[in-house]
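The data blocks that follow each hold one structure.
In what follows, chain A forms one complex with chain B and a second complex with chain C.
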Partner chain A sequence: MRLNRRHFLAGSAAATATLGAPALLRAQPSEYVIASSLPLTGPFATAGQMVAPALRMFEALVNEDGGIGGVPIRVTAEDSGYVPANALANYQRALATEPNLIMYFGDSTGFMKLVAPELRGENARLMGSTSFASELSDPANNPYQYLPGPSYEDQFDILLQQIADEGGSTVAFIFSNTEFGRDPIAHGRARAEELGLRVVLEEATREQGADIPTHVTQLAQSGAEFCILQGYVTGVWPQLIGGARQFGLPTRFMGTFWGMENAIADRVTAEAGPILDGYAGVMPYKYFYDPERGPVYERYATFQKTAFAGTPLENYMPTWGLQALLSLTIGVEALRKVADKGLELSADNAAEALSELRDWDTGGFFGVPVTMEANKIGTGRVYQYSAETRLFTPTSDWFTV
Partner chain B sequence: MITGNLKTSYRADEQVLNNRWKRGFVLAAIAGLAAIPLFGNNYIVLIACQMGIMLIAVTGVNVVIGYTGLMSLGHAAFVAIGAYATVIFHNAAGGVIPESLLTLVAIPFAVVVSALAGIIVGLPSLRVKGLYLAVATLSANFIVIFLIEEQLFAPWTGGMNGINTPTANLLGWELSTRRELFWLIAVLAVLALLAAQNLFRTRVGRAFIAIRDRDYSAEILGISLYRYKLMSFAISAAYCGLAGALFAYFYARILPEQFDLHLSLMLVAAIIVGGMGRTMGAVYGVIIIVMVPEVIKVVFGALAGGGAELAMIRAPIQEIAFGALIVGFLLFEPFGINQIIDRALRALNRWPFARG
Partner chain C sequence: MGQFLQFTINGLMSGAIYALIAVGLVSVFKATRVVNFAHGYLIMFGAYFYFTFAVLVPQMPFAPEWLQSWRPEWMLAMRADLPMFSPMAAVLDWMANLPRILLGLAGALVCNALLGLLIERALMRPLMGQSVFAMIMLTVGLISILSGAAQLIWTSDAEFVPALAPNTPIRFEMFGANIFLFGADLANMAIALLIFLGIVAMVRYTKSGVAIRATAEDQSTAYSMGISVPTVFSRAWVLASTTGAIAGAILATRNGISPALGLFGFSVLAIVLMGGLDSYLGVFIAAMAVGVLEALTQWKLGGEWAGIVPYVAVLIVILIRPHGLLGSKEIERI
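This part shows the complex of A and B:
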């Protein structure tokens, strides 16, 4: 057979297909895996147990949209008991057993800090988490870790600005004696000074079972007009507010993300009366019941109504679940950008794509388009709780710090 | 009693591994350990390293609880002291001692600092014992964690935020991966075990056992309780300090919460489940405490799938299964797994002439 142009082209195409097929197969696995650690047992099991179904919903909806670059995702979860070393073992197990692991979701600041120095070379994966720790917003040192909202320091900035705008002059910081509680304190002290506010009390408490009367007495003696609470989830902060009200203190209380769950505030109101009325704090996202919730929340609501019928998630998604969903959405969005460019879904490429999330419409999580700056989204607004409506409602416009 | 274990010289009788079965077992174990970094995946190496570090600490706890009969619920404090001493030493002596020698000096430094802390924490053992001593040692755990977290010491300890740890370097060989670090951990764990086994053939070890069995009888026999109780605490804390030093090299960052009461309880639980006062008790205890939860996770994960929603049900069941396993051991064999293994080996040794 003579080699003419047609034969040459056909032969080349066949050779390319034969030689290229394995590479193509390698580039397109049958699924991508997103693994996670959740506190399904231990002190924060309440939150973990509510977030786990949200992950299943996330998997289903991403796959409905064609997965990542046409490849479906699988989301796995493992219990950490809120012990950082357990979460680290979970991460290592996922690395060893899931060859298509493209992203990880961690469940504590402790874990994120423990794992951060290990995210190098083949051990690196894009990593979102439940934490808003300020130290994690550091792309120079932790390029793969990101925050799905403002850091605790940012949240303190927003609250202190609010206090200054309202003409306040004295503020107290009460925080749990944990890394979580102490995170924004030094920064908050400096920021208060800049704004001309006097920090009259810095009081550390236990994270559970704190000695409420002692702390309330300290607060009373300080004479603070405002008090910011930090480092609590389900307990201590409502008791502190209740104790202050019993004491007759006029202090106005404020909190950050983990102290802003509507379900907890409702439970407190049902059990202890309207003690939380007027309690305000920073929430990066719209609440699930927001009348102007966007298309993403609507889609979640439709899914939840059928998939979670008869459970507390049938009509509501707690803020903890929204945070996990947004964190995963950010990661998938970055990975999709990488896939669209035809690049490998490596941690380095994904980290680079994070910085491309600019003026991004999240479809309802935030009321404004947001930008990933220094591996965090510094946007949020102040909400206030009303014991009458039993809802947190916004009292400020959206801030970006 | 092992039958047919005949000796023809005192030298043979005095050997640590005094029969061919023990020698064979130790050689097989060393070969098994060597296979881990060569053939195991990252996860297996991770768990093996964790077990090695725990094994050294549990062996230390065994010295004070199992052999000397002094209850302690504060040994996580010594692990913490060892870990933080290592990091502080690296940071302080970094420019003075060559990098290739730092680890070789830092580890003994951590061991000595922990041993000194052990002497201080052991002081109450001269006046109280049993539950009272447990409470006294428990306070050591809280005090040490409190001091580590204190803002005053934060420039050295990192306070609440923890501190990044250095990479081990043995004469220029940088142990930057877990696979490399495993060699160091495994060698030190085997040496620590052999040293513990040997300790109880010495005058000091026998004094510890005498104190455990009846302290005032031991004193009448001429054993100084003051000296040997403190020595027991010091040796025990030194083991934990060594574990702490390896802990610091193993994790890229250490946080105070890693050394809280939970770790102290795990150390005690391991030795109770494994078998107190027996060298291999620490080994079996660590297998149960560290490896079994992981095996349960892997088995349950394989059976039920790794799905997020199933994990909600799986997680508490895993905890219950692990708890039931420990309760089962305590109910059916209060002397620990070591006793079960001993019984099985005896039966095997006498078979077919006798059982049990």
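This part shows the complex of A and C:
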């Protein structure tokens, strides 16, 4: 065969492809890593220790579905003790030791704000977290951080609107003296004024071991009709409500996501009686016991039945776990979109893919398709606790803010 | 004025609990010269033991039904017509829990005493004669062991326990202001003060107390006078553990229970330094002062300052009197 120009070019292309293939194959890692910080010790250890098994389940189910672009994932979790500096150190260690780190899950508002300026160039990764801090919904300045639900400010807006709709005129804000607790307070004050509500008390407390009599006294003397609690997980909020009930205060209590866990409300009811009856708040997701929970919750339930048999997670996934699962699902969904396009799984590409999550069916987390707008999903509904049924049940339809 | 009174009483109620916690720290220091950094975690164990015997044991299949909830006919009849949150309903609900509360307290006292004894015998006594610094460092290490062990045994779940006393609301008007008090908090304050006074009286007037004071003065001389110093050490640890058990149970009823309770000991450590490590009276004054300062700061400046102002006061006192308000001044001759 004579070697003409056409044969020469075709041969060269074939040779290049053959020689280059191993390099391409080498570029595909054997696994991707999603690292996380959880409060496995410290004031929010209850939540952290329930979320940790959920991450293991997430890893198993994503890998069952073929990982990301055919590459399996590995999810790691390190303890932060709910100290933002510890979580930052965990993130920096993950960056240094995990060459295939594609995403990170943070454990607090404090950490997310602390790490935000670090997320530049090589140090940037797509980042979900436990936080609904309003500042994180800012793609211009924090393109890699996102919220798996409405921000705390949005949640305050919803509750304040409900108070105004019910003809309320005075409201108290009681919050933990943390980044988490303080986040929506200034915004809430301004929004209340717009709605013609008078904020008669703004009371900061310790996040654990608060001086309940003093805070209840302040609340009683403020004469607030409604009280919004913010910045608590397992403690303080039930004791505050219990104290107010003991005094016969007519104040109606409301909360945001982290103060809405059914398991905690049940334990309080079991020990202290029906003090939480009527307590309401914003919850972005369906509770795990929802009769119409959808295919994703069903899949979790099947997995949990065998993998977590004999533990509290055998038949129930707390809202804290659902939040982490959805947060990671959002990240993986965005990364899969990047992989499908054949692009590098960089933070920039993943951040861009976040905005492509429009009218997305989450398979059960929300009752309606949701859209990622300004790096947050502003969908949720109001639930109310009944001491009789011992369940939070919806009192509003799904809405998007 | 009424408001001032309200927050002062609230502060005194917190202060009494600080004093109860502090008494354990002072007892161990007086007898052994060791600052027990792990005291907060002993308290946490006391709280968990209370939870075990007041909540978990009554739920077990072998436990009689009355242990979980004692409701004789007459009580049911009385309770039936009462509104949910009336004072009498609170008393009756508390009485229904009384058997398990008593079991919880007894269990917490015994188990924590055994734990204190174990720590003293297994960890502290072998170090007798060594530098006190080594023993102090050992208590620092103990923090990790106790904290980890509690999470292994009871997990990190937040739990709730029955109150030690009926939480009846008490309301009255004074100086033109409505005063609100919780019955359970007043009872907690009374329990804390009685135990505190009992220990002070014991140290002052009993033989064991004299032995503790003698050992605190000079261990070698106490030995030579026939005092069994190791026994004094054991008693001090048992005293710290049992008072810690009561303090833990009280804290658990106020705030719920979780491993974070252990951190409470650190704030009390500052109070003990302010009062004087070896002075019960000084520590009592400091505990009350910090409790009241916290409540008044919360009232006037808000919660953002409540965690700072009292401890600035502690710092100022320590700067002026490094040995604390009433602590013994140690003079080292070189």
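The rule we apply is simple: the second predicted complex is superposed on the first by the 385 of 401 C-alpha atoms of A that agree within 3 Å, B and C clash if a C-alpha of one lies under 4 Å from a C-alpha of the other, contacts with A are read in each partner's own complex, and residues count from 1 in each chain.
We adopt the following convention: a residue touches a chain if its C-beta (ideal position, glycine included) is under 8 Å from a C-beta of that chain, and two chains touch if they have at least 3 such contacts.
The shown structure was predicted, so the numbers you read here are calculated from the model rather than taken from an experiment.
Colleague: Should the superposition on chain A be reported as showing a clash between chain B and chain C, or a fit?
Modeller: These partners clash in the superposed model.
Colleague: For A:Thr76, is the partner it touches chain B (first), chain C (second), both, or none of the two (neither)?
Modeller: So A:Thr76 only meets chain B here.
Colleague: In the overlay, answer first, second, both or neither for which of chain B and chain C A:Leu38 touches.
Modeller: In the superposed model, A:Leu38 contacts chain B only, not chain C.
Colleague: State whether A:Arg267 touches chain B only (first), chain C only (second), both chains, or neither.
Modeller: Second partner only.
Colleague: Touching A:Val216 in the superposition: chain B (first), chain C (second), both, neither?
Modeller: After superposition on chain A, A:Val216 lies in contact with chain C alone.
Colleague: Which partner chains sit in contact with A:Val236 here, chain B, chain C, both or neither? Use first/second/both/neither.
Modeller: Touch status of A:Val236: second partner only.
Colleague: Once chain A of both complexes is superposed, is A:Gln49 in touch with chain B (first), chain C (second), both, or neither?
Modeller: In the superposition, A:Gln49 touches chain B and chain C alike.
Colleague: Name the contact category of A:Pro143: first (chain B only), second (chain C only), both, or neither.
Modeller: neither
Colleague: For A:Leu95 in the superposed arrangement: first (chain B), second (chain C), both or neither?
Modeller: A:Leu95 sits against chain B, while chain C stays out of touch.
Colleague: Identify the overlap between the chain B-contacting and the chain C-contacting residues of chain A.
Modeller: 40-41, 48-49, 177
Colleague: Write out the stretch or stretches of chain C touching chain A in their complex.
Modeller: 3, 6-7, 10-11, 13-14, 55, 84-85, 90, 93, 147, 151, 155-162, 167-169, 171, 177-178, 180-182, 185, 251, 254-256, 258-261, 263-264, 294-295, 298-299, 302-304, 306-307
Colleague: Could you list, by residue number, the parts of chain A that touch chain B in their complex?
Modeller: Per the touch definition, chain A meets chain B at residues 35-36, 38, 40-41, 48-49, 52-53, 55-56, 59, 74-79, 81, 83-85, 88-89, 92-93, 95-97, 110, 113-118, 123, 135, 177-179, 182.
Colleague: What residues of chain B sit close enough to touch chain A in their complex?
Modeller: 41-44, 46-47, 50, 149, 159-162, 164, 251-253, 255, 257-258, 262, 294, 297-298, 301, 306-309, 311-312, 314-316, 318-319
Colleague: Taking the touch rule as given, give the residues of chain A at its contact with chain C in the complex, in rising order.
Modeller: Contacts found on chain A: 40-43, 45-46, 48-49, 177, 202-206, 208-218, 220-221, 233-236, 238-239, 242-243, 245-248, 264, 267-268, 270-274, 312.
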